[in-house]
């Protein structure tokens, strides 16, 4: 199963070259992760991922350029790896129709973290169970 | 040889967790590349990289968290790979003193691009020669 | 008549104090103006405001603090002044329900501009006629 | 006396029109205020403005357009009004040489605030005394 997030663009996402700037796609991924971890996950378990997470690594490939428009882009997000204390997400950013192929493919390693106290922590059984529902390593993300 | 860029922080680089947000480090890398490609490279050849470049890929590892302060961070940048139509940069973001180890290690694949006409182009001999002066594949970036 | 724009928030709109940063509201106003000038106005006249506009002045009052949430805010926009070469917008940013009162009240003076050639220009008769439909100086914006 | 802050630009401060975006100047003002309130003020009193401040109002006039360059802009900041629980700053953003006139003139009403507990507070005698040193209402800001 993949999580799908409709991410609205802003005109200011474009840089002086008139395209969505490469750094801004990471904001779209951030929005999709927040939608996934702070909304979807908490339907399953109200305590899931409270207290924060940190990004340990990104890999991101830029495949097509994007210009501002009123229609949102679709961010698809799924899980490709789980360890005791991290989850690796894969994503594709594309048009809702799927036509034309993805703008971006990316992967992010996220670690659950106690932001207040400043230390990493393990995934809880409920978090792991939720994430396993989105596990899919058959596709290159 | 490495190119070194003193990158000032802004208070707004921090997110609601009170740390420099993971996406903002890519802005620091962008600033360092612009300093390198638009200033340093044009001392050697005034035509170098005019017309634009595009980012094809980023890899970025987050090693330490950073909080806003008046002192800039140092972005070190060097070249780890050259092809006919791309250059791969490696970087470390760290304190000027070098103490405490890097905050971030990253790599970016950049392609010279004719932004106006919308097509990629090859590196010119002058660009290649300039970039070769910063070649160093002995270090993991 | 007022133009109403549902503006989605992003988590990154919050600053290190955990509230939407004061500068970000101006991005919400920008999004509402683009929706109004580049979409709504061009239904009436496809040439309206092509070529660009510039902001000459903002006044903005911050009335209530806002924290990131999934629901968009509503930006209401209307016209309070028209001159030969400028339009003054008033806005309120509030919840869709209107409950709790506005987060922000603001005014912006916008001048039609030929961005390519770099000079201000007059409002066209079609632009003026479109803007007059949103004129309302009975409310403090 | 005016406080002067050298504010470095970023390439990403420009929008798709190729100029520094109108909202970004408020980031420059923010940086200047932080330099003034969190650094300069605390030389006089280590407790000054700890706990936070909030922006109650901005007025900003855009006089000249600005394009990214390596040289910082100068933000001049001074005090035009003091009440029991607020300070009004005036600013000019200009080139270090002062030539060509200001890019921006602006005013901001700032209220000392207890961010943690969520209430406004009065200026302390030490804060007021520090701010009075920068009082100047002879100039239109």
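Labels A, B, C and D are assigned to the chains in the order they are written; within every chain, residues are numbered from 1.
By our rule, a residue touches a chain if its C-beta (ideal position, glycine included) is under 8 Å from a C-beta of that chain, and two chains touch if they have at least 3 such contacts.
All values derive from a computational prediction rather than experimental measurement.
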_Pair in A-C, C-D or A-D that repeats B-C, with over half of contact pairs matching by residue number_ = A-D
*asked:* With contacts counted as defined, which of the two, A-D or A-B, has more C-beta pairs across the interface?
replied: A-B
*Using mean C-alpha positions as chain centres, tell me how far chain B is from chain D in Å, no decimals.*
30
_chain A-chain D separation of Cα centroids, rounded to whole Å_ = 36
*Can you check how far apart chain A and chain B are, centre to centre, with Cα atoms defining each centre and the answer in Å?*
24
*Note the residues in chain A that touch 2 or more other chains, in rising order.*
11-12, 23, 27, 30
*In their complex, what parts of chain D are in touch with chain C?*
17, 22-24, 26-27, 30, 52, 54-62, 65, 115
*Flag every residue of chain D that touches chain B in the complex, lowest number first.*
8, 10-12, 27, 30-31, 34-35, 39, 70
*In the complex formed with chain D, which residues of chain A make contact?*
11-12, 14-16, 18, 21, 23, 68
